[in-house]
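My questions all concern the structure below.
The letters A, B, C, D, E and F name the chains in turn, as written, and every chain counts its residues from 1.
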């Protein structure tokens, strides 16, 4: 048999995008082995901005924090003058990780392998025994090891969020976000952030399944019954969907005030669960309208892998870090604001019961990526149906829509030239 | 400290672990006092002096609310835990309560049969002996890892 | 260097089947990465029947059970009228698993992700908020999500065994089995089955290594010393090998009555182990001739991955579920018959010491797949020798033969066009 | 129950686990009474009320037969177990025997060095105190998982 | 999109070796999936010699030991006449492992699967029921199963070290080593070895990263601070680097006598750590000049994966066994000499605190392979800088040089035709 | 043996494990007598009668030297252990010391969050009761596996 033909043939089938544009997503997109590396290069190391950390995570001069650009390790630093830099966590010499810790203090960075040294901008400042010892050995005078990286990232700080990119071409962060998204980022980051802590989840699915989940305003009140039962978020509540010009970013928001609708009960949704009853300890849901606009829920995502969350007074940034074809790390960092009093902090901490790996309204999301990854094992040549709210990617008032999911694929295809 | 009291604490740990491992979540709140506190956090947060919890309850009522949510609202695949405990370190606290520190390993077994070492850490407890059996006035679960696989539904 | 050439070259070497037909099996067949997916499509989702479960596992109307077609997840249901159906365990919408449990009761199936609903035939019956809320959002009137699966399987029940296939073309189950195999299936399934329980083993080898093992009548009495020592099965015992027309399926059987031969002792086989002595508790091997034909052992396999076992009164079905190139789940379900009295059940349970992961005559099989998988690591361009009993695939009286193994490869090559 | 008896049970568990972990299988049957019962099954079978065992012996003689088979007949790669036990719950049964429930984790270490969390579950025991040392009249091993990696040769 | 083009394109980029010859190593060399199998065939099963075991590990006639040629399983035996043989640990029949234990006694080898038997040369001596039973079954008279392996290796014993190869063409072991390397092997293996024991480490990196580490005389005193602090090895100590003609093998050595230099302190090397202070228990470092030449450290490597170590009186052989693209087993065997008295043995055992997974001067090496493997995740199209000591591969007195690392790549490229 | 002494040994094990799991390595040498011996080796070496250790100290001073090296000289990523112990078998030795054998499982948790079953084995101890608290005259750690993942920096 002619293998070669077979292989080619198979691929061609697999790789063709369905004709129906953004309303059909082919399942091979979540399981094709070669695609993973290509996404790393074309998306994460391509013309996109990645959220690296909160400015508050670099509290003082001479501090650093490690982060990721896709699965590429990154160091973010604040130098002695307070300026923030980011560069590859890879030594120019032989490629060792430069920083072995999540965070710390440092005036310079010393690679453990051969003690080459770097300043906090990522510039190579010293090569051990570069001139040899007693005139023997060492490096040729014309050797320029500094030309071998670590590659430095373009860094921008927007509203206390540190973003980085490898791209020279991509627009600055604010135009990248666009006016609407930028405004809503500023809305949440209204004051200097005060760290409350973090943790991460290892999700059993491809990273795109999580981003779809985040942009999927349709699922929230159907999958997360706790949400619905306590009217934290119902599609019938006043709110909307904002999608940036090219589909890249999104916001899903809703007002706390409930129109007291009975749509879920009428539709007999499992998630309405009329007879659930009340909480014995309702203080769990106590909250204040700290943004003064009545919006109780604002989920905002920035392509490719950043989420900014406001659920009542529970604020968090989430970083989506691909760890292989079907493993994704979801790193959460929660924060309040400088000046929060004890009571306000306590309020945020109590509400944090709603989020994270044990979150009463978020625990399902981690598992959902796995349900799909496993569900499609035999269906690589099939496709999903993403037609709620039609086939467009425009902002709209209704959240009974998958417009933001289509937006994700619009921008994915643009970057992947797929 | 006399052996009786030590054994009473070991017995409390044993019954607590068994109730969870056998899925009797309804019994879980009763291991706490009415205003009992339960908190899961990570060693990383503790070391940084950051207060963020993974689970945080300040009363037995809140624990009951969580059990109810796990039973009626939340979606997660059938799974069970298996606790094994390290040796307990028990002291009499200034507050008259017993202070205990116990290391643990918890395996998670999915309905599919998949078994994994799911969590390790320490219990930091304040225990009141009043009444029939000792109860937790406070149980803080400090996870050694900053990372949870998929989700943490069943309490630790 | 021209990589491309290299790659092609390598493949061509690898992929050519040896000239000696069925008596030589190339070792790359167990370790080629691309082959795995191809087998899933051409064999398990191709023109073959897969055993899904016992009819007895769906005891009442409105019950379901999950199963597999290769590594594709499947739901098997019994509807309110008692009819049995099977379909992909994949939601039409975004591909989530529909059933998250092994078994249960259900009048309808609700996908947890967005609450789309299905009847027990796998037909989409409801799309949450299909018409939106308050006239906003929802799905275009012309959208036909039901056309996106889950794909329904052709299902047939034969002698209490539920089989399924994705193929329209494959013959019905009875002709697929052929007269001889069908008759011997009926022989074992002589009455309504009564479930005794189950468990599964994760085998450290490619699925084909286990199927070869099952069809390998030559190994049984040589690998499984317990078998031989207690004359449960010796190649010298009266018995035979039945192979279906195209090699697909097989039966290996033997009579309990022992010709008291000394062939093993003469040949000095380790497995004969003359001086082993007696059992202290011989009741372990007590059995009755419940089929009335003196046949004490009948191992029957159906291509690609089903085994029906009668060892004395210990009856079981085994499902072979590929879990990757070198991992295979072997799922056992043991049963007796309705009307078995306590004593008979106790007899079967005692004999179950012989089978499963701790089985005195089966524990070696699980490990054997791993011995080969590891043994051939450096020999992908070599081949095994399958020439016991010549080069044919015909039924014969002697079990000192690998005819059934050759039969497996005959049908494997036909399906894979290899 | 008095501490002596509790400690005697803990000691029985300890000696049982050690004998197996150190590969002294010949001693294993002697932890049982003459008509002692030993059964390994899965939580899934138990929950469904299905009787299928993985290993099933109704006398010490049967246990000896299995040890002999493991020594002289069965083929499996050299491997050892390492048991750690959860806290034991011990009660005096109506039948005058001690009823104990103990969780366990067992790691399997292959001769190649490969180490894995092999099995978790509970021991359900009925223990007779008669004679020199307590013995198992019945030990049921309920595995949390329905799935065994490769094979289960050495008893749990 | 035309996938095929894409794929080809990608590869071509990846696979081109940098123009700068041996001073730049492309990072894809550590992470390219297809390369792994190719290395197994062209290097480990190609024209190279692999260290299998010490002759002392086969102490008596009729003993065996398992080993590896790359990731291919091997059996090494000493037959009844004391001759040593090596062959594939793979049965001629169906490919099962023949030996399931690390070591043992045996007069013949019996495959557990179907009891085929072999002598200790690896020759097939028996096929169970070859002639069938009662004239039925069995193997055709003309079948020559012995022609199907296990393949026997060329074996040579040099200074108590057992080497094996699959190659007919490669020169005998002594010329393969070359005069300088051979002499220094003899230097250490001065008397019959006495086994002290062993253990292994699983390293989280590609096997080549460990071999580079071993040949990297530049890192030793910079990474291993304990080394430097206690002047066990400083680049300023008298010593040198010996590299065999084609770069394949190397020796890095130094004299115990310290020139008491202050180069590290002057250069402010972390590893100099002036104020570390003394050991409370200096007996840890007690040693005797057993080789009478004042050389306190001699690290010797033989391409592709063998290391012979003398650190003071701590002697060990290390086998590098690839276990996949990014996992490598490092198997240590320590030895002394027959005739060592108790005191000498105690001295060696105490010094063994310096080596292995807990070695005060070696624990870093295992981790270092992982630091690089992780550091280069986003840099497959980048390259490392290996220019210490210029661009050559000649022996030299200075160890402030990466000449031996370049030597490794010179011979790697020769074998891989890359 | 009386319960007091048994509990004292369990307590020694508990404090030892806790000190290591909490990273208080400086306290580790003080669990030993001045001339206390500490050795880590593998079951494979022991079975072959081969003396090679992975770690080998013949005095408390040597243990302090190792702690100092781990703190100031050696490079390894931030990590912690979690010990759980099997039941201890304690006997009074002919040498007047308590001889204890205790199985263990140790999980290793990397700063990245990665958790793995790192080591299993047995402690073989000779314990002196003299003075305030019992101390190890000798602790031999016999690993079940011949293989260590990456490195073994923190003592077991």
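Rule of thumb we're sticking to: contacts are C-beta pairs under 8 Å (C-beta built on N, C-alpha and C of every residue); 3 or more make two chains touch, one makes a residue touch a chain.
These numbers were taken from a predicted model, which means no experiment stands behind them.
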Common touching chains of subunit E and subunit C: A, D
- prompt: What chains, if any, are shared contacts of subunit A and subunit D?
  reply: B, C, E, F
Message: Under the over-half criterion for shared residue numbers, do copies subunit B and subunit F use the same patch or different patches to meet?
response: different
- line: Relative to subunit A, the most remote chain by C-alpha centroid is chain D
Message: Just to confirm, which listed pair, A-F, D-E or E-F, duplicates the contacts seen in A-B for more than half of them?
response: E-F
Statement: Note: subunit C sits from subunit A at a C-alpha centroid distance in Å of 43
Message: Rounded to a whole Å, what is the gap between the Cα centroids of subunit C and subunit D?
response: 31
Statement: CA centroids of subunit D and subunit F: separation to the nearest Å works out as 27
Field: Sequence positions of subunit F contacting 2 or more other chains
entry: 3, 44, 75, 77, 84-85, 105, 111, 113, 117, 146-147
- request: Please set out, as single numbers or ranges, the residues of subunit C touching at least two other chains.
  value: 100, 102, 112, 200, 202, 223, 364
Query: Who touches whom among the chains?
result: A-B, A-C, A-E, A-F, B-C, B-D, B-F, C-D, C-E, D-E, D-F, E-F
Query: Of all residues in subunit B, which touch subunit D in the complex?
result: 3, 7, 10-11, 13-15, 17-18, 21, 80, 82-85, 105, 107, 109, 111-117
- line: As the complex stands, subunit D meets subunit C at residues 40-42, 44-45, 48, 50-59, 61-62, 64-66, 68-69, 72-77, 146-153
Message: Per the contact definition, I'd like the list of subunit A residues that touch subunit E in the complex.
response: 8, 11-12, 15, 34, 37-38, 40, 45, 69-73, 88-98, 100, 110, 112-115, 128-129, 132-134, 136-140, 143, 145, 148-149, 417-418
Field: Of all residues in subunit A, those that touch subunit F in their complex
entry: 100-102, 112, 200, 202
Message: Please output the residues of subunit D touching subunit E within their complex, sorted ascending.
response: 75, 77-78, 111, 113
